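Common to both upcoming complexes is chain A, partnered first by chain B, then by chain C.
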Partner chain A sequence: MRMNARRLLRGIALVSALTLGATACGGSDDSAAEQKPVSAKDIDAALKKGGTLKVWAWEPTLKKVAADFEKEHPKVKVDLVNAGTNADQYKALQNAIAAKKGVPDVAQIEYYALGEYALTKALDKLAPYGADKLAGKYSPGPWNSVKSGKDVYALPMDSGPMAMFYNKKVFDKYKLKVPTTWDEYVKTARDLHKANPKAYITADVGEGGTATSMLWQAGSRPYKVDGTKVKIDFSDAGAEKYTDTWQKLLDDKLIAPITGWTDDWYKGLGDGTIATLTTGAWMPANFVSGVKDASGDWRVAPLPQWTEGDTTTAENGGSSLALPTLGKHKELAYAFAEYANAGKGVQTRIKEGAFPATTADLESDAFQNTAFPYFGGQKANKIFAESAANVGRGWSYLPYQVYANSIFNDTVGKAYVSGTKLADGLKAWQDASVKYGEEQGFTVEK
Partner chain B sequence: MSTPVTTASRPAPATSGAQGSAPRLRGPRKRTEGRLPRRSVLLTVLTGLVLLYSLVPLAWLVISATKTQEGLARSFGLWFSGDFALWDNISETFTYNDGVFTRWLLNTVLYVVVGAGGATLLAVLGGYALAKFTFPGKRAVFAVIIGAVAVPGTALAVPTFLMFSEMGLTNTPWAVIIPSLISPFGLYLMWVFATEAVPDELLEAARIDGASEVRTFFQVVLPLLAPGIVTVLLFTVVATWNNYFLPLIMLKDPDWYPLTLGLNSWNAQAATAGGEAVFNLVITGSLITIVPLIAAFLLLQKYWQSGLAAGSVKE
Partner chain C sequence: MTTLQPPAAVKRRPAPPPAKRDRRSWSGWGFIGPFVVVFAFVFLAPIAYSIYLSLFRDQLIGGTTFVGLDNYQQALQDDRFWQSLARVSLFLAVQVPIMLGIALLVALALDSGRLYGRDFFRISIFLPYAVPAVVATLMWGFMYGTRFGLVSDINDALGTSLPNPLSPDLVLASIGNIVTWEFVGYNMLIFYSALRVIPHSLYEAAEIDGAGQIRVITAIKLPAIRGALVIATIFSIIGTFQLFNEPNILQKLAPNSITTDYTPNFYTYSLSFSGQQHNYSATVAIIMGLITMVIAYVVQLRGMRKGA
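Here is the complex of A and B:
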């Protein structure tokens, strides 16, 4: 088998992470094969004793949470470091774990990336800290995302139940109806583009996270994971629904070829070029800071449905706080994660614009009745909370989803720029994901 | 009009083989000085294009730095928007995130002074020694240097990271400074320069007069090498100032970031849930970042031009 250098490097990183997990299990004292339970008393004692906690996270609202936490526990210092966003941080974390040096005590990890770390035993199981008792606190989507098998590997920090953001000004101008089904969405896309050839229903250049969320909502369950046994199959009815519809948009060039999160994208959201955005409920904060010009133009609507009258949604994005096995100050680390994600920190973070994963907050009147001046006073959280309650069950990501998403553009992405069909693109993605899984030692069932 | 063109296009021959091409460029010009300069429409147009090519991005940067975050999205890239926000942008750049930009600026200065300064010092010492002393293994050293010039630093970054993390040096300034101290190209340049610029007779004279080797080096050789030193210094300063990949993998603590990494992290902020888009600060920060480099080039221009040419013409 020939491997190119990049793949080889990744392989090495994974292998060394695996062996590391193994040695850590066998050797070191604080993470012996069976993690010993950590009682609330242990945690209290650690908080009184104090210490410096190293946290790697890019979530901006944690800054305030860390400051509050320090105030409450004067002997604890929280060293909050932004070690990069998303994949950049995972690379850094992988490097630190491979080198066994500089591993943080707490790390922010997105749901789709968590499986990789759980599988390689790079993270502490959290049940021994008492996390299993928190199960009822979280909405089911995020809680399932932090579990691998029966074990809990992280505490959900936020969630991204999907909704449709739409530019009301554009919709009003061209007298468009807000679509409630994906068929209507395609029709709206056509009408809009006909009325103004410079305007598009949405922007997409092929991005793994969005596509998997769409598949999720359409009822497709392409990934089945059982330990190191993996099944990848994009040929179910749900996937077909998605490719059929999205293919129509691509064929008629109804999607703006603008890469998400670039300055062009922000510009398009502001000037009416991009008329809708189907994404996670964490988006409002980005609208407020990144698209100031369009304040008042946008509204939120429920995600369009595949069948009229249905209410199924999906999650997009969202992340958790986990405790790397090689980190230190375990008790402090858990105390911080719990404070930020289940304790007082949640309210602080909601105030700063984050979207919670805790049911009590999602269902509270104060939360649901919050009016968003940016959305013309709309009580958008009602829509988000309803979406959170209707997330399709039984979805799982691959244990190497970070890699899989990184090759999305080489495979499915072709459908966006050439004559390749979206369905063929998905097939190519499936094949490439299977091949990589086999190379990494997974048992892949096709 | 023509002066900026020649300076702008000069780095290219310099990197590919300064010793060979520089004299040929300068030679004929000296000879034509007495006569009327020849004009060529084609050349003027070509240099004009090159000038445009190198100045347009700069113009975009300067213009964009005067816009607010909203203004950037609202207006055409190569012209001003209604509100002139340059001063606001500059002051916000320095105060945003508790003034972390200043910290990054000081970090960069530290890496440049110690890293590039050290690299230049080592290159001068080594280049002079290789040029003027014979010792066993000199040919091997030559082969190693030529080989090292050919290996891009990027290729060595990951192995260096693994080595440094063994030594516990990652996430410290040393992780950036130590690799910056090595400049094979600078050493090679100093070697060639010293061979030509320091006459053997002069060294012999100094020795006969009883000067020690150290004194000879500092009082006789260094002044002769000055143009070469400035050239090497400029190369290493630019390389260290713009260094991105090495600090990227070495540093995780934003407190030790150089400007390049810091600006990138500000840019990445826009691409995360709940993050604040600060494109106006990224652009203004970039402008502030390149100002010292431009200043260094303009101020040291005279030295480094003569540095490239001197030593290449045999008397």
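Here is the complex of A and C:
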């Protein structure tokens, strides 16, 4: 019997060795050869030939764009899939790329996440398709965001110059002045919470994207990236300005501990619990769909400033369309991305409430004079466009910002729920980001 | 089995045994073959693949390299891993006894035959187990809400200020509450069915000897269901070490209370899906699997030995 058991084991070992061998074969890495240029003629030919284009995006206005695109090119079918919003979609996309299977032809990728994909050569360079000619069409902020070094890796779809949304009804009720500086903002927060202990100036439980945008506006430049060399430092003067102010709000419990995009959050925006929201210009469409009850209550104001009379702003969010290297139908993919982000699609998307990245549209009278019924007829685009023009220069994200943001709450989040100071939280975030960078083979300077 | 040889063959060619090795009977393999193939591909291959993965490191810069046991060395010194393990161990030490205790009490009550509406109670206590863990956690998550949930309603109605169940200090207990709610019924059913197979003659004998209910429980019922208790304990240990759904869902509601390395399983998930560290994640998973196996085995050995 013992003999048998040993033989059985040997058999099992053999079979598992075989399967192991089979699974191990998938590991060979064939990095893409130098891309061949694709001419406009090639693209036309591909459009005439047709095919099914797989697009992964969560941006709602693309639905109409895809339908229009299909109408214009009857042989092309656009298979628009919502594979999750931001981080969820990146997980799916990374998995598809790692498995070399089911990779979409076009993927929506936010600016802060592009670096990682460009670095790992997961995206096609777009200059060979003729994208470099589009440089003049875009405002410099978004255009720089889709570049890594000299190469263009995506076409900007929208942008998120920041502004302050505020609930005018609440401000009127408690006779509050709309703050123009962050000091005033803190004072307003105190006055409001004193007048109504159930009302808060804003809701925040700590979120990497928001925090980095705040740091950006405050003049902090914590990330310096040069190829594979990275420097992370949250100890500059800008970061100090941010932590000082936000610490006051946290210490006095003036910020509602409500997580963004939850039911509580939407309710809070609707019923006056949350009085302001500082975020990107892509927000209005979300107000219209998510906070219907408060239609007419909200208005838009310029972002509060760190120095009185200043106009510096920052970007929050904003995404692009990119062509994963492993996708198929390259010509169709590029044609679609260009149609949606630089062609006729832009107007369609503006009509549906998107905020464009193309200068001609941003500066057009029609765009600037659009009245938002939700904001009581306010011409909010003027404020957004002005913000777009005043975005602080020289910001860059980490090449692994998606991961860094995923551990924001592990580190900085402590400052929101315990006695940890925000500045110490940032330091912990810095250390964890440095550690990860080193593990991933970056040369990290502290 | 190996000594079995067709007698006819022996008769016809008795003398030379040169190809002795080749003359082994393979008919046994024919029977076990289908099982071995499925077992190898479904059970062994994934483990083998994880072990294979754990010997490499894939970096954003530099690609994949063979690193031998480096990942294991790193994992053994990884504070985040050990903290998560300590957290589930605490959970195990507190929640599992409570859950199994309640389940046992309920099973004994149902089995006592003195309960009115026994079937109703049995079904309703089992019902939470039929609710998918994801749904159960979402449901409890809403109830835990201090702003719009049940907790806030209680606070408003009674003028109290209950502590936030999702705060960092309480969230582990809150998860324990959800898990207990989910699994009391399941464990109760295991105990109850074990109780049902105890021969009634034992009870009658006990009654004749003048034993009370408590005595019956300690002298007959508990010893008789020892096997079921050990099994339920082992299931609970494994379940605890694999805690994932509850923290994963509650994290969306309380991102600062539940870190991305809250439980070992959640840590491997974050490593793999947010951090792209598939190799290291496989390493942590293997170490965790080994630890779980050892603890479950020890419990089984101890539990069974006492029973013998």
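One rule holds for everything that comes next: the second predicted complex is superposed on the first by the 413 of 446 C-alpha atoms of A that agree within 3 Å, B and C clash if a C-alpha of one lies under 4 Å from a C-alpha of the other, contacts with A are read in each partner's own complex, and residues count from 1 in each chain.
The criterion applied here is as follows: a residue touches a chain if its C-beta (ideal position, glycine included) is under 8 Å from a C-beta of that chain, and two chains touch if they have at least 3 such contacts.
Keep in mind that what you see is a predicted model, and the values were worked out from it rather than measured.
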- Partner chain(s) touched by A:258 [first = chain B, second = chain C, both, neither]: second
- Task: Scan A:267 for contacts with chain B and chain C and give back first, second, both or neither.
- Result: both
- Query: Given the touch rule stated above, what does A:317 touch, chain B (first), chain C (second), both, or neither?
  - Reply: first
- Query: Touching A:94 in the superposition: chain B (first), chain C (second), both, neither?
  - Reply: second
- Examine A:406 and indicate which partner it touches, taking first as chain B and second as chain C; both and neither are also allowed. second
- Task: Using the superposition on chain A described above, determine whether A:293 touches chain B (first), chain C (second), both, or neither.
- Result: first
- First, second, both or neither for A:436, with chain B first and chain C second: second
- Message: Just to be sure I follow: which residues of chain A are touched by chain B in one complex and then by chain C in the other one?
- Response: 95, 263, 267
- Query: Taking the complex as given, what residues does chain B use to touch chain A?
  - Reply: 69-70, 72-74, 158, 161-162, 165-166, 168, 170-171, 249, 252-254, 265, 268-277, 279
- chain A contact footprint on chain C (complex, rising order): 1-2, 28-29, 32, 36-37, 39-41, 44-45, 48-49, 52, 59-64, 145, 147-148, 167-168, 252-257, 259-261, 270, 273-278
- Query: For the complex, which residues does chain A have touching chain B?
  - Reply: 9, 56, 58-61, 81-86, 88, 92, 95-96, 99, 101-102, 158, 160, 260-261, 263, 266-267, 270-271, 280, 282-283, 285-286, 289-293, 317, 319, 352-354
- Sort out for me which residues of chain A touch chain C in the complex. 1, 3-4, 8, 11-12, 15-17, 19-20, 23-24, 27, 29, 87, 91, 94-95, 98, 116, 119-120, 205-206, 228, 258-259, 262-264, 267-268, 273, 399-400, 402-403, 406-407, 409-410, 413-414, 416-418, 436, 439-442
